[in-house]
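The structures come next, written out as structure tokens.
Across the two complexes that follow, chain A remains constant while its partner is chain B and subsequently chain C.
Showing the complex of A and B:
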């Protein structure tokens, strides 16, 4: 096989067994790799009725075909399976350094089942694969464990680790690579924790790669790397990180404030933006493997109540989720809260979203000191967030820690009193930090139809709406007006396929938005030898999207779950989008029609599935009719 | 007539705050073109907190915020 190795590792932690397996090439040509191939394997082998935190649950790590190929943004990895936070299909992508090392060791992915009797780690050194006892790391923070493993094995051993939150089965726990890069969303750190698996470590001896057309690939790489590096957006993010234009986002009404109750806070925009982070706290810029964009930040807060030593700094989502969303414009506090989340191992978006919901519930009197164990939940009280709330969530300790450790939807369902109405989530996944009311109405549709729940990276809708990319070869050559529903369903049809391609190829959206369709096709063909044209590639993307919809259907999710909460759909109360109404149902209906999806079941028709070579899959979901 | 242009966010990298003499019938779209900034910035003008459409116009003394749609993930 070219590009991919075709080989995966099957681990059963309960039995202590390790086997390697060769996958048929057709799996790759149909589902690409990354989260698409993971969906295929889950569909085929997953136990649908298994609790995501039970030993039967499958935890899948999967590379894309370009891992390790020295191409900017192309060396990410996907983790996937059933999300413990949402109970649905979940996947999450991580940059860093794990993917190329796994590729060089000879594998495209790892499937983990079972539960180890005692705390363990998985060590992969080319063909030598071992499950090792790891009691010394259990209970410890990600930073300490990452360092300890590197000290023991060597600094070039690539490490995935969970924090105490994952061990304690907090539903939005992360898996962290090299102490800085997270599989952030959907709670797969808890799945690792439920299997008593503290870490996965990989080291390859060589860097052997097998490409279909190495010359053609080198030609493409020589064009694409400088193109990505020199793009205006890359330059902006290299200088001031992903929060570079947060202040502009505040003026547009894109940046959520106090649990999405406000769309305008001028002073906050001036305090929390990436330029201020650079000026006050930045010490270094960092990259994921082979990426020239270097959007990652290293920061140090030298003094004050939120002082932290030099280490990983926050990006846009974290700055907003642990800043404006919970009513704070204290950038030093955000840096510290972000560091704490990394170390205890929780997702900053879901943590911010859940705490913001709780702060509003407290303000409204829907939860009181009775339910919080005496903790006052006040907007912007970062000392309490950092010293009390986050550690209690990770430890599942105290009334509040236990309540918030399940995510905002579960906390609201437990609280009652209509508090679900002001959760800001879709299918149980907290909405990321772009408010469609100010950022672009198409994003509301993208959040709702995304298989894993509200997600800004499931498709490039955000970038398409803002005019950052055009794809004339596949019909996207028109300018969009972000604040209307015009052409949004049509754009979403293209966006969900492109999103599935980038998440299956494990490409970073910041880099791949510079790649034109013929270049994408050229990459697949020169690396993996698929002989695709643009339509074959788009078909693979749509197929991946459809398959994830089918998996969700088996979990009981239907069209009614493609919904946003009332808070997200009420007109904004201030700022640029004040009073504007999103025609959400209109966009959704049109999207369903264009995708030929059943308006009750939320899955494609038998005819559509057959058209995509998914006749067998169609039988499984449509068999009762 | 005079309007004041105020760059916001990443726009500060590309221009300074300044007063500009413009014709009374100048549209926001033409104003943006005249600034001669990179296309990729996708600029929008804001007046009193609201977007101005490309065919919108200004009045004497307006303070116009110049914003790029650029967003990080």
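Showing the complex of A and C:
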């Protein structure tokens, strides 16, 4: 096989068995790789009724076809399966250095089932694959374990590790690579924890790869790498990180404040933006493998109550989730909270979203010191967040720690009153740090129809509304007005396919903005020999989107779950979008019509599925009718 | 050019726009924080079609033509697109994506400048009216 290795590793931790397997080429041409191929494997082999934290649950790591190919932004990896946070299909992407090493070792992915009897780790050294006891790492933070593993095996061994939160089955636990790069969303750290798997380590001896047309690929690479590196957006992110434009986001009303109750806080924009992070705390810039953008930050806070030594720094989502969302504009505190989340191993977006919900609930009196175990939850009280709330969540300790460890929706359902109405989540996944009321109305639709729940990277809708995309070859050559519903459903049809392509190819959305459609097709053809044209590629993207919808349907999710909470849909109270109403139902209805999706079941018609070569899949979901 | 009679007209309007912005203390304060020498370059519509804004050293100055020193940042576009942009009829991100606006120099400066330009644009209609150019106002 070209591009992909075609080979995956099947691990059963309960039986202690390890087998390698060759996948049919058709799986790749139909589902690409990454989260698309993972969905295909889950669809075929996953136990739909299994609890995501049970031994039967499948945990899938999957590369895209470009991993290790020395192309900016193309060496990411996906983790996927049933999310313990949402109970739905979940996937999460991670940059860093794991994907190329796995590829060089000869594998596209790993499927893990079962539960090890004792804390363990998986060590992959080319054909030598072993499950090893790892009791010495259990209970320890990600930073310490990452260092210890590298000390023991070598600094070029690539490490995925979970923190204490994952061990304790906190529903939004992360998996961290090299102590810096996270599979952040949907809680797969808890799935690893439930399997007693503390770490996965990989090292390859060589870097051999077969490409369909190496010359053509080299030509493309020589064009694309400088184009990505020299793009204005890349320059901006290299200079000031992904929070570079936070101040601009505040002006447009995109940046959420105090649990999405406000869309404007000027001073906060001036204090938390990436330029200030660079000026005050940046010590180095970091990259994911082969990426020339270098948006990652290394920071040090030298003094003050939130001093931290040099280490991984926060990106935009974290700065906002652990800053403005919980009422703080203290950047040093955000840096420290981010570091704590990394080390204990929890998702900063879900942590921020859940804490923000709790702060509002406390303010309203829906939860009191009775429910918090005496902790006062006050907007912007970062000392309490850092010293008490985050550690208690990770340890599932105390009344508040236990309540918040399940995520905002579960906490609100337990709390009752009308507190679900001011959760800011979709399908149980906390909304990322772009408020559609100020960021663009199409984003509301994109959040709602995304299979994993509210997700800004499931599709490039945010970039399309902002004007950062131009794809005339597939019909996207028009301009969008972010603050209306005009053309948003039509755009979402293109966006969900493009997003599925990006996430299946495991390409970073910051880097691939510079890639034109013919270049995308050229990459797939020269690397993997798919022999596609643009329409084949888009069809594969839409197929992946449909398949994830079908999986969710098997989990019991239907059209009614493509919804946003009242907080998301009430008109903004201030800032640029003040008073503007989002025509959410109108966009959703139109999208369903264009995608030929059933308005009750939330899945495509039999005819549509057959058109996409999914006749067998159609039978499984439509058999009762 | 669709909106301008000659290359002097846009520069007259845009320089006046910044002069008007300087009356607003808040806006002046914001622009000074950008701390850059910026060249707005419309020379594709005429060799003298450009102006500069200097917000360095706690001062704020504006003038036609090219600055005496090399600019920290240059924004190049057509005078018509500049008019659309100040009139809020051109999405700057889209214009950059489609190479209608080309930016050279400090990315940091651009990000600091962008939110302020939005505020400057808010007074553009008044400036056009003051110049007696109601016919140029875009609906």
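For this structure, a couple of remarks:
Just so it is clear, the second predicted complex is superposed on the first by the 625 of 625 C-alpha atoms of A that agree within 3 Å, B and C clash if a C-alpha of one lies under 4 Å from a C-alpha of the other, contacts with A are read in each partner's own complex, and residues count from 1 in each chain.
As a convention for this text, a contact is a pair of C-beta atoms (placed from the backbone, for glycine too) under 8 Å apart; a residue touches a chain by one contact, two chains touch by 3 or more.
Since this is a predicted model, take the numbers as computed values, not measurements.
Look at chain A after the overlay: chain B and chain C clash there.
When both complexes are overlaid on chain A, the residue A:618 reaches neither chain B nor chain C.
Judged by the touch definition given at the top, the superposed model places A:275 against both chain B and chain C.
Touch counts on chain A: comparing chain C and chain B, the chain ahead is B. Applying the stated contact rule after C-alpha superposition, one finds that A:386 touches neither chain B nor chain C. After overlaying the two complexes on the shared chain, residue contacts for A:315 are found with chain B alone; chain C is out of touch. When both complexes are overlaid on chain A, the residue A:510 reaches chain B alone and has no touch with chain C.
Of the two partner chains placed around the shared chain by superposition, chain B and chain C are both touched by A:247. Looking at the shared chain after the overlay, A:470 reaches chain C, while chain B stays out of its contact range.
After overlaying the two complexes on the shared chain, residue contacts for A:236 are found with chain B and with chain C alike. Touched by chain B in one complex and by chain C in the other are residues 232, 236, 239-240, 244-245, 247-248, 251, 269, 273-275, 466-468 of chain A. Against chain A, in their complex, chain B makes its touches with residues 8-13, 38, 40-42, 44, 46, 49-51, 65, 67-73. Against chain B, the residues of chain A that register as touching in their complex are 231-233, 236-237, 239-249, 251-252, 254, 264, 269, 273-275, 295, 315-317, 432, 434, 439, 456-457, 462, 466-468, 482-483, 509-510, 575-576.
Those residues of chain C that touch chain A in the complex are listed here as 91-98, 103, 107-108, 110-112, 114-115, 118. Here chain A touches chain C in the complex through residues 232, 235-236, 238-240, 244-245, 247-248, 250-251, 269, 273-275, 278, 466-470, 479, going by the rule given at the top.
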